Amino acid sequence: MCFDHFASSLPKYCLSPSFPLSPHLFRNLGKSGLRVSCLGLGTWVTFGSQISDEMAENVLTIAYENGVNLFDTAEVYASGKAEKTLGNILKSKGWRRSSYVVTTKIYWGGQAETERGLSRKHIIEGLKGSLQRLQLEYVDIVFANRMDANSPMEEIVRAMTYVINQGMAMYWGTSRWSSMEIMEAYSVARQFNLIPPVCEQAEYHMFQREKVETQLPELYHKIGVGAITWSPLACGLITGKYEERVPENCRATMKGYQWLKEKLQSEEGKKQQAKVKELHPIADRLGCTVAQLAIAWCLRSEGVSSVLLGVSSTEQLIENLGSIQVLTQLTPQVVQEIDALLGNKPNTKKESRA
Amino acid sequence: MCFDHFASSLPKYCLSPSFPLSPHLFRNLGKSGLRVSCLGLGTWVTFGSQISDEMAENVLTIAYENGVNLFDTAEVYASGKAEKTLGNILKSKGWRRSSYVVTTKIYWGGQAETERGLSRKHIIEGLKGSLQRLQLEYVDIVFANRMDANSPMEEIVRAMTYVINQGMAMYWGTSRWSSMEIMEAYSVARQFNLIPPVCEQAEYHMFQREKVETQLPELYHKIGVGAITWSPLACGLITGKYEERVPENCRATMKGYQWLKEKLQSEEGKKQQAKVKELHPIADRLGCTVAQLAIAWCLRSEGVSSVLLGVSSTEQLIENLGSIQVLTQLTPQVVQEIDALLGNKPNTKKESRA
Amino acid sequence: MCFDHFASSLPKYCLSPSFPLSPHLFRNLGKSGLRVSCLGLGTWVTFGSQISDEMAENVLTIAYENGVNLFDTAEVYASGKAEKTLGNILKSKGWRRSSYVVTTKIYWGGQAETERGLSRKHIIEGLKGSLQRLQLEYVDIVFANRMDANSPMEEIVRAMTYVINQGMAMYWGTSRWSSMEIMEAYSVARQFNLIPPVCEQAEYHMFQREKVETQLPELYHKIGVGAITWSPLACGLITGKYEERVPENCRATMKGYQWLKEKLQSEEGKKQQAKVKELHPIADRLGCTVAQLAIAWCLRSEGVSSVLLGVSSTEQLIENLGSIQVLTQLTPQVVQEIDALLGNKPNTKKESRA
Amino acid sequence: MCFDHFASSLPKYCLSPSFPLSPHLFRNLGKSGLRVSCLGLGTWVTFGSQISDEMAENVLTIAYENGVNLFDTAEVYASGKAEKTLGNILKSKGWRRSSYVVTTKIYWGGQAETERGLSRKHIIEGLKGSLQRLQLEYVDIVFANRMDANSPMEEIVRAMTYVINQGMAMYWGTSRWSSMEIMEAYSVARQFNLIPPVCEQAEYHMFQREKVETQLPELYHKIGVGAITWSPLACGLITGKYEERVPENCRATMKGYQWLKEKLQSEEGKKQQAKVKELHPIADRLGCTVAQLAIAWCLRSEGVSSVLLGVSSTEQLIENLGSIQVLTQLTPQVVQEIDALLGNKPNTKKESRA
């Protein structure tokens, strides 16, 4: 059997013998008891917009049947359509609720200026809206999609605790918060006996390392907060598809992604693409693609509980899932070789002079 | 488009280009995360009594379509009919629940002497009654409509925390409490880890300044409590409509408003009407009405989150909403000129002799 | 016997049969258990400066022997000399420590800018200095002599709790703090399980009524804070000694008291002196002096635990102590008559309109 | 008079009219109530080792008489001899205890491996040892000289609270802790109602900016922790004395300071020395030395409560104290010019992409 969700049905897609994710490739989310697959499926840009609902269903099904139990979305993705698409698929599939983990994010929801942020009102109303679109009784983790400087931390943590106590979510987490902000949330939770966050969602890839490699491990050790990371391929940069030129019909030419095109064509963007080229020999040696290498490289990082994949086709998903096998090949020597090539390893050494 | 609630429908009433309220005219309620329009619509005296349900609907619709998101009522207004009227309109309109903020007040509710006050029993039963009349699952803020010396503060704060934790309200506030009483509520909330109040509703206009200008700012700075103010036109006194004589068919001749007539005809009332006359040249210079000037004057005050309007016609509402434009014209010089004219600026100087 | 401190010695001075203070003229300090005489002896301006140490001893002795058990001083009075004088007398007298209550105040102490305020450092060091000068192991109440906006309330309340837990003081209080500040201190004490203040020292006399008559009773009822008041004769204004002109060799001509002279000669000062003249007939009718009437008038106020006397001679003290007998004559009618004369009775009525 | 500690004695050294430190050059330590001079005197390397006890006394006396009230030491400095020297001088001088602030640091104390760290045992025993060497009843601030990963945070914060409640210290702080660690301490203090730290000691100079400029301000705003900084001249690098070559008989050739010599001769060290040369024209224009410019530059930083000076002669101290006058000349333009020259201004921009 190549999956462990169902004991009684055959998967449509069955990958190579190493699939589905072997049991030791489930990880606890931070120090919480929640078990998540180390690869998760994101819906950003894709569900409800870039890909058809049929493709979304195919992608989700393959992921699920190969052991991926973590599906991430947000109220803001495609103005709510990402949640609707995900909800429809989950409903039509009829998978056991306990066999998957759904996470969503609250911040930008309604159209009006007053219907966003991390006020108690928007956290509760926003999550209610998400649950309706998802057709779910609860999500597993509700994330604050960014910090809201205009809402007091006590109000945020009380509201998160409320939605958990109401059964609308199992846990809560943060997305793109600074370590200080997460510690403040923890502090307020301890002071008022509320529920602290269990996870931070952070961008992480070969060209964005600082936070996940230096700050989050400290948070993990101190207060148990885990990391779910996104954009392992740097919005496609690391796939090499932009190496020659920015092709038409890719994300970088989509409406609203002008910034990505500009970034790719910047001085720094060009340097990064040059480094990506240098990754090819390593990937070849390990018998994998550069994308698989880049995803496996994220997984190797201490404190990363899960890496979210963003895919627009079943082929891409299947390729990405292959990164699991690459992980075991990432010996300290290989990791060191990549670090040398990238030249951006953050300094985690502590000063020690008296 | 002159509003931001709907992306897909045309408003019936579209005011001048500066409408609807521009985004910077939303304010956080005190230090809470809740965003409210700086002008709110009150239902006191009007909904369910002075005006027809049709007029109430017209007024509410214009307000909403021009960006007003705060609607205030109370269980006692028109013996519950104000809540019923408001609830019926909200239901028939079908606006998104998250696009507006409904507040009600609990104290006098049932007919019997035992069915009032701030006992746990009446706070919970009273609010349940309000929610039924409003046909809402929850209000955004539930206010204690006055202090109840016969209910212990601990009981009040526990009951308020209970209705919030039950999902019947998002926040709680106080109405016409003394600063001391609000601090006591805060103190009790801190001592027992309950939820502190976020807002005080207070009367505020040119002839009633002390509390809002001297006491509430201190509360705001110390514990984050904001102010929603009412009666910006001093029950009509500042509109100038009583300047010649008390006309028939105005509020001052309504049943139960004998006190207003007496107040207007008192020595002090006459002095105040004389001062209102002196405001005319200033209003003329700014190109606005005295009522608009008086409302804008309330909005200029530090710590005022929203000013509640009480209107009996659409014309009056549209005129009142125009005060927003006047606000930007209230330079320190103009404010100083008005202060000199009124001669009642409260002293906020602290004693300093050793 | 005309005192109750000693069962075995004769008093040097024995006043009329009603002395010493009859037992019911001891009052609890606020809602604390501490019993204080309703008249206390202050040392401001007098001890260590205006009067000789011999006179100070005479005054203190007469006070003590006539039942006064409350002696108030401050580190700043006469740059510490008031405390030294008081301490020397107490030591030489050898009265039981338990038979009197000594209070001091901390804020201005050392000469340097860094050696003042309500930092933990200055509260502890300041009080240590006071205890050395007083030659006492502990004071009964240590007061924060004014608010210090640069010290966080948590630090102040923790330091006050510390000195109490170290046995350096029995209780702590505030002096010239606003009601809001006292409530904040109470709130912090409740939040962190520290010791709240028991008493506020406030100026109170016929021409300064607002705080003691309207704000402190509310604090008393809510959190048990009592009032010790000072300056019952408005720095001598109410004795009538300034009625004709400001005499030489009185406090108003002392170095550093230019402000008092100016106040007396101001428009308001003259009006107040006119009112003092009108008190004479009332005093005559009651068979007492205007000063006695003024002190008794302070004692009649709800929530006043003790009135501090500031005297520079034994005659003055004996006269002042006589105010106790006047107190029983202050019928509601007489109080009303004085209120009418003064015309400054603060409004304590609560608004009650719905 | 050029100081305010003594009213009755003449200072030995009287600097230019702008001395002693003018009152506005005292700062509160973080948000605590403690007032410290913005320049403090460190004893690292100097007291008990590099300089004679006589020179130490001269230096301390000049500092004190010119308004410096902050003296910093550590149990580890010169194996306890720094504390002994400081204690002897303070005792012989007989200055009022309240007129100065003594801080020490605990971590490395005893000779044995078991007699160090931040166990409850070593915090208490270590501080007792320090107090004996200093011949003081208490220090004003006790610092944890580094984090101790082997001691639980709860144990550390409980021990620090204990020594404060025992009267052995007024406040506690951290030295070279990460922001995360400080937040964890704060968190634990709030959870268990213990006393949170008030201050972090951090290295800060033109070539080490990150922590003090980006992390500590956030801590200051969130939890009130202030910064005392050390090494304003980067161990002498910024004085320019190493510009030509490393001279004999300087700190860089002292036993145990091989690392400094190596650092100076490294590639980075040479670049930094080149930048120091470029500072000369700016210093010349402001009429000050490069060292004075560098110290004033530290003082300009938001959240820096005090900068510790390390001097080995009276001339050096007097020169360093002159930096106070330079501070007022550090206009935004000059600061910008220096930033441009250094090219290492930390980025404090927050990410904002949705």
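Per-chain numbering from 1; labels A, B, C and D assigned in written order.
Note that in this section a contact is a pair of C-beta atoms (placed from the backbone, for glycine too) under 8 Å apart; a residue touches a chain by one contact, two chains touch by 3 or more.
Nothing here was measured: the structure is a model prediction, and the numbers come from that model.
Least step count on the touch graph, subunit A to subunit D: 1.
Of all chains, the one whose Cα centroid sits at the greatest distance from that of subunit C is A.
Both copies, subunit B and subunit C, contribute mostly matching positions to the interface they share, with over half of the numbers common to the two. Chain geometry summary: the mean Cα position of subunit B and that of subunit D are 53 Å apart. Each chain gets one centre point, the mean of its Cα atoms, and the points for subunit C and subunit D are 45 Å apart. Subunit A and subunit C have Cα centroids lying 67 Å from one another. Listed for subunit C are no residues, as none touches two or more other chains.
Contact between chains, using the touch rule, shows up for A-B, A-D, B-C, C-D. Against subunit D, in their complex, subunit C makes its touches with residues 109-115, 117-122, 124-126, 129, 148, 150-152, 155-156, 158, 162, 165-166, 192-193. The touching residues of subunit B, when paired with subunit C in their complex, are 76, 107-108, 145-146, 176, 178-181, 183-184, 186-188, 190-191, 215, 218-219, 222, 259, 350-351, 353-354.
Within the complex, the subunit D residues that touch subunit C are 4-5, 7, 23, 26, 28, 31-37, 69, 96-99, 101, 140, 164-165, 167, 170-171, 193, 195, 224.
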